[in-house]
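Both complexes below contain chain A, partnered by chain B and then by chain C.
The block that comes next holds the complex of A and B.
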């Protein structure tokens, strides 16, 4: 047993987190900043954070992940990090020449109270920011929320800095997405394209963290939302925001600053959430839904009906980030599966409320929890109390899956032992097909591996 | 990309490359970086600037003190609960991401697959986190029943004034198990290195000497600074076992806290990673009289040399005979593989930029394959790792490192081994060397470019200039370098392969180099239509 110390009996914990179902803010800010074209993320703290966050994203994408750091020393931790950041800004523009530096903070700079806005203001006054270049900053204290909060904070900083309202009215829709993969970003754009809606997607990590091998390294790949696009968001017809935790604060900021109305939606995972997304998009873009999308939907529902016997009644444990866990739970219910245990390390009261709405009276037996102490140790203990048929979550789930012999589907962040997440979407109807393929693959592999010889099936 | 340089008469002079690298920097930065780049001449005693603060915004590969302390030194010990006091990130990122393997006996504790954190929230920053830390220790004790708990401080802990050492004392008294703290806040020092030192101090003060296990076997040794990445220590352990040497404790691959507790009863300390563990080697000699020397189990020749040095130390005929027997047998196997691989690798060029020791060790393996190391450097090594230990007295301790405590160690009157001191003196008379780390630079060729704390910009220029056949570094560099069409071998994680230590490891490494240097995949990078003149379609479609 890998997790030999995990006991069945649940002892209430108030202070100790074991095997977290979250990580800290700055990695989210770094990821969001990578979704902006020509942008170099910068971590204002000691350099360990920056290295860890770059490594985590690199392991997940198997791609270069660039970011700079203020490299605090003990001296700067006592006297403040202004000198470090100013020096960093000089060096970054001088050596690495990005269009934008997107600064986020860490628990170090937040605890000592460095005021990023003031330091960036000083950099501007001192003429350290070259003409036509930009420095955007977001406060991302690691002791508040989770990596998803950091993503949201950086997103909010971008729209506050760039989006600008003029008299021009653009026939376009803003798409603000919660934390999804570059493959998902592509899928969102493809769906909007099928509906003939011009969108500005922020952030857009496609063509940034999934670049081709060309024999040439490009520090700033061709992807990412451009400055012009971000500026234009202030003149869009409306905003479709996906994921309350990841995208809501940016949508509100855009509404406040530029009076662009927004609709708040789930990240489109599964049939029902994708249905609502497509409808929201059609409303926002004032277009009708083309037949081709109905056909895509039909193929997903077709697979659900074809394979229903393998889904029906299966008990599922899942962990991850709220913006994807909520629609995923709904999708599992649509499949007549039983999402019985759900944890997310990311705090937020809305989680309980939304889970209750989604579960309704369908599943009285479901246990779910989020926030501090809602960790994978607790999830594992629940599984030990009464086993499940399927586990869905990031790579860290593999230890539980192996110990308890549970079919395991990798979804979420980070996935550091398999590939696919950056190339094949899990959002939209297409993404739904992929999720089902993975679930079926995992469940059927176990059936094949454990079936008695006489009932080993050729056709399934 | 320019053609490869001519290497027939030695390595090309990289002066121009160095100038080009520096030209991009602001004046002050250029001055600093210039001192961190040495055009090597093994005949000269050249000085390199190392272990100094990182330049902000330069895109360093360095990590922090916490990583050096928790991630590197204590992380591999399986039966201690490593409780991280801080917000969640530090604990999350050091969770199973270094590949320190461990073999747990039936019924033994293994906390390595777990991540323990106090998950500090804003109220803990405002009102202090000591209460939560104490409660977390109680909960950990109640649920996991460990024999020891280590507390690791992260950035905010020092700033808000949480005293992890007093919490450790209180909780040790309350729970009756060994509990100790480390002030390894990420901003201390300038890199992982300070964390090594802090970990060494903590382990020496709180663990070493706690248990006087009766002697087992004729020859008792410790292996210091071997972290069992990808099973390296398993290879070495097997060799010791076969020749009849009792390995008391490894710091800290495949280790237990208990084994560290009786490590002071060894007759000899052998140091693999000089940077991370030389402090404990020195302190054990001062307190207990145990001599140490440097070994290298990376490379078949180096392994043989290290085993012989160990046998010579004990001066036992039977042991020497056994060692020679094992070397002869293993070298046959190694040679069989080398004979196949070397013709395919001979003359290829390597570069390596790895933490604090492997950039040196792995040059031995490459030499065995006829691969030239054209440029190398460390993230966080000190001058002694580059230039040799004789420069230690001349190293200036700057303001960033001054606050890292140097323990004052006194001789243990009861346990001090005068016999070992005598033995050491006698051996030294006959030319046998102890504390014998000569550093990386004397081992490197003339005109090789040695760079400390290499950054992204310099990496780009290096690749452009040398167009190496293989680049050795870590995960953050891997995909950057490979986008250039240059394969990168991770020498931290071994790309999830290994072991590469000792004879079996050398064979694995040879095979790995055969794969990496021989693959045709890189030739597929350019699509055929990018190489051939484009065939113009005869039909055009006009919509």
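The block that comes next holds the complex of A and C.
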């Protein structure tokens, strides 16, 4: 038992995180920047940060992940990283030829007081940024928030930099997405397409971190939101933002800068959240909901009905990022399951408020926590107090699942021991079907593996 | 070679065309997409396999998250090293300091887990905010009666190699602290094996057959107690010299323990390692046993390799690994399979290793230090390689280019050391290079 150290009694911990249910801001900034076409993420800090983030994303996507680093030295930590960043900008435009460099800071550069805006300003004044090329920067100190915060900060930076309002009114809707997979981004676009709404999706990592095998290596794959598209966001009719943690600050920034109004929605995981998303899209695009989407919804509800007996009353523990945990919790309740333990390392007071709204008086026994000390160790302790029938979360859940023999469904970031998340969405009604398939598969595999011979069933 | 960062030219050479020595031990250029990591990473990977020690990462959450159970270093007993402990510093701590947090974290963890020793890793900002980690460690050592060892591995403070050196410093604080132990006549320490995929256990088997006792392994399947008495061994046998040579040198100076550099990879190097150790002890019986073992293993292995060699003959390989010493063994092992190395490079090789590499390789082989994906893919295209040997960040690039791949880093799933490792290597290379999937790529 790898986690034999976990005790049942939950003790208040003063100063310690054990097996974190989050990681730091820069990796989120890197992921968001990969969703912009022709963009090279740049980590302003020590070499290790960039290497770790690239490895983490590579393990998750099984794809080459490109990013550059300022390669801090002892000297830069004393005298500041300006020289490194200026040299980096020269080198990157000289050799790697991106359209955009998206710089994010690190705990080190923030602590020594590097001002990215000022350094980028100097690069511009010095003529280091070639005509038609762009340098965008976001402050992402690792000691604030989590990887989701970094994602949001980078997204906001893109919107602030590029979106531009002119007199032209475009019949299009902005989709600002929280942290989801490339498969989900593809699905969001497909749904909007079915509704005949022209959208600009930011970021869009489809065709970037899920590229086909061609025998060629492309530093900048064909996907990603283009500069032109980002600029045009300022003239859109409105914005549909998905996920408060990931996308709200960008939506506000866009509203402030270009007066594009937005609606704040959950990431469309599960039937209720997808209903709201489709409604929001139809309102924003001023279209009615086509039959074909109602049919997709019907198929999901059909499976929920057919398999209800396997969902009913099952206790579920889940962990991950707020933007997906909230709608997922709602979905589990819609399935008649019991989401009893919920943990997110990502801080934010709204989590409690939203969870209370979703849980209402349906499930008084649910324990949930986010922010400091909300880690996998705590989740495991809760599970030891009273077991669950299902665990949902990223790969790091596998220790608990194995030790406690709990069916385990992988969702979230990172998933470094299974594949599929890049290709099969969990958003929308189709995504709902996939979640159900996975939940049922995990639960039923355990039933089949452990049922006594006499009650081993052929038909389920 | 025009397509590379100009300042990198001195770190790339083609045997036969470039007369000059390769330049290495350089910091990476700012702005390069380097495959290298940092000082912290170097220290962390070296100390990580010590399974009964507590490893606490002092800093914001990221450094702990990314190094949580990522190294396939197996332990035969405790698994404490596979958990992730961090002080998870917040903005407040950056302003007011994190010493108290660290102190409480250590006390709490030591009370709970009763580790044999603790390593406290400093990350980038610790140096900058001025936490006195050493003082906290001293205080906790005193209160709890176990060694709490500061590892001052701020990421920016050099390269990954400097991190190795710092880790060696931490190890040397433990070495020599237990004198109540009498070592058997023929005893060694294994330095620089990390028991990836259980490789140490294969080696231990061989040494046992020779009648040699392993006092400690640093750090694969490592235990604090064994490290404490490591100074009682007669010889240090050093693999992966880049990471742990400092310790070998220090132990030579301090305890007069000689060391020898070996590699356990490939038939030639593995056999030579066993012979050298036997020769060191000047024991004819041991030498005879070594001969017997080697003969025995090779007579089984060579015919078994033959079918693979037939399929692989003439194929070309590109190698990009952490240290250059490992690359040398790889070139030889590939030769044994009839394969030619056309590109070879490392993140942190030193001048001596690169010289050996240059001597060993064929004309036209590209040798490179601290490379990046663009260069590597260019080299591969240029040379028409069929196989790439590397680590986590190289795998998807190789696959995108339509090349077979073998992980010779932390993510290897099969043991590659020893004779059985050579067999595994052949199978893995064969499987990847001849995979039917490549026919869909052309």
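To be clear about the criterion, the second predicted complex is superposed on the first by the 460 of 460 C-alpha atoms of A that agree within 3 Å, B and C clash if a C-alpha of one lies under 4 Å from a C-alpha of the other, contacts with A are read in each partner's own complex, and residues count from 1 in each chain.
By definition in this document, a contact is a pair of C-beta atoms (placed from the backbone, for glycine too) under 8 Å apart; a residue touches a chain by one contact, two chains touch by 3 or more.
Quick caveat: nothing in here was measured; it's all calculated off a predicted structure.
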item: Superposed partners chain B and chain C on chain A - clash or fit; value: clash
item: Touched partner set for A:87, first chain B, second chain C, both or neither; value: both
item: Which of chain B and chain C A:62 touches, first, second, both or neither; value: both
item: First, second, both or neither for A:362, with chain B first and chain C second; value: neither
item: Which superposed partner A:216 touches (first chain B, second chain C, both, neither); value: both
item: Touching partner for A:8 - first (chain B), second (chain C), both, neither; value: neither
item: Touching partner for A:73 - first (chain B), second (chain C), both, neither; value: both
item: Which superposed partner A:286 touches (first chain B, second chain C, both, neither); value: neither
item: Shared chain A contacts, counted only where both chain B and chain C touch the same residue; value: 2-5, 7, 13-20, 22-27, 42, 45-49, 51-56, 58-59, 62-74, 76-77, 84-85, 87-92, 94-96, 106-108, 111-112, 141-144, 146, 211, 213-219, 345, 372, 396
item: Residues of chain B that touch chain A when the two form their complex; value: 24-26, 29, 53-67, 83, 86-97, 104, 109-111, 113-122, 124-125, 132-136, 138-140, 142-144, 154-156, 158-160, 185-191, 399-400, 403, 456-457, 460, 474-476, 478-485, 525-526
item: Interface residues, chain A side, partner chain C - complex; value: 2-5, 7, 13-20, 22-27, 40, 42, 45-56, 58-59, 61-74, 76-77, 83-85, 87-92, 94-96, 106-108, 111-112, 141-144, 146, 211, 213-219, 345, 372, 396
item: Parts of chain C lying in touch with chain A, wherever the complex brings them together; value: 3-5, 27-41, 59-68, 79-80, 82-91, 93-94, 100-105, 108-109, 112-113, 123-125, 127-129, 154-160, 373-374, 377, 392-393, 395-397, 399-402, 440-442
item: Chain A residues touching chain B - in the complex, by the definition given at the top; value: 2-5, 7, 11, 13-20, 22-27, 42, 45-49, 51-56, 58-59, 62-77, 84-85, 87-92, 94-96, 106-108, 111-112, 141-144, 146, 211, 213-219, 345, 372-373, 377, 396, 399
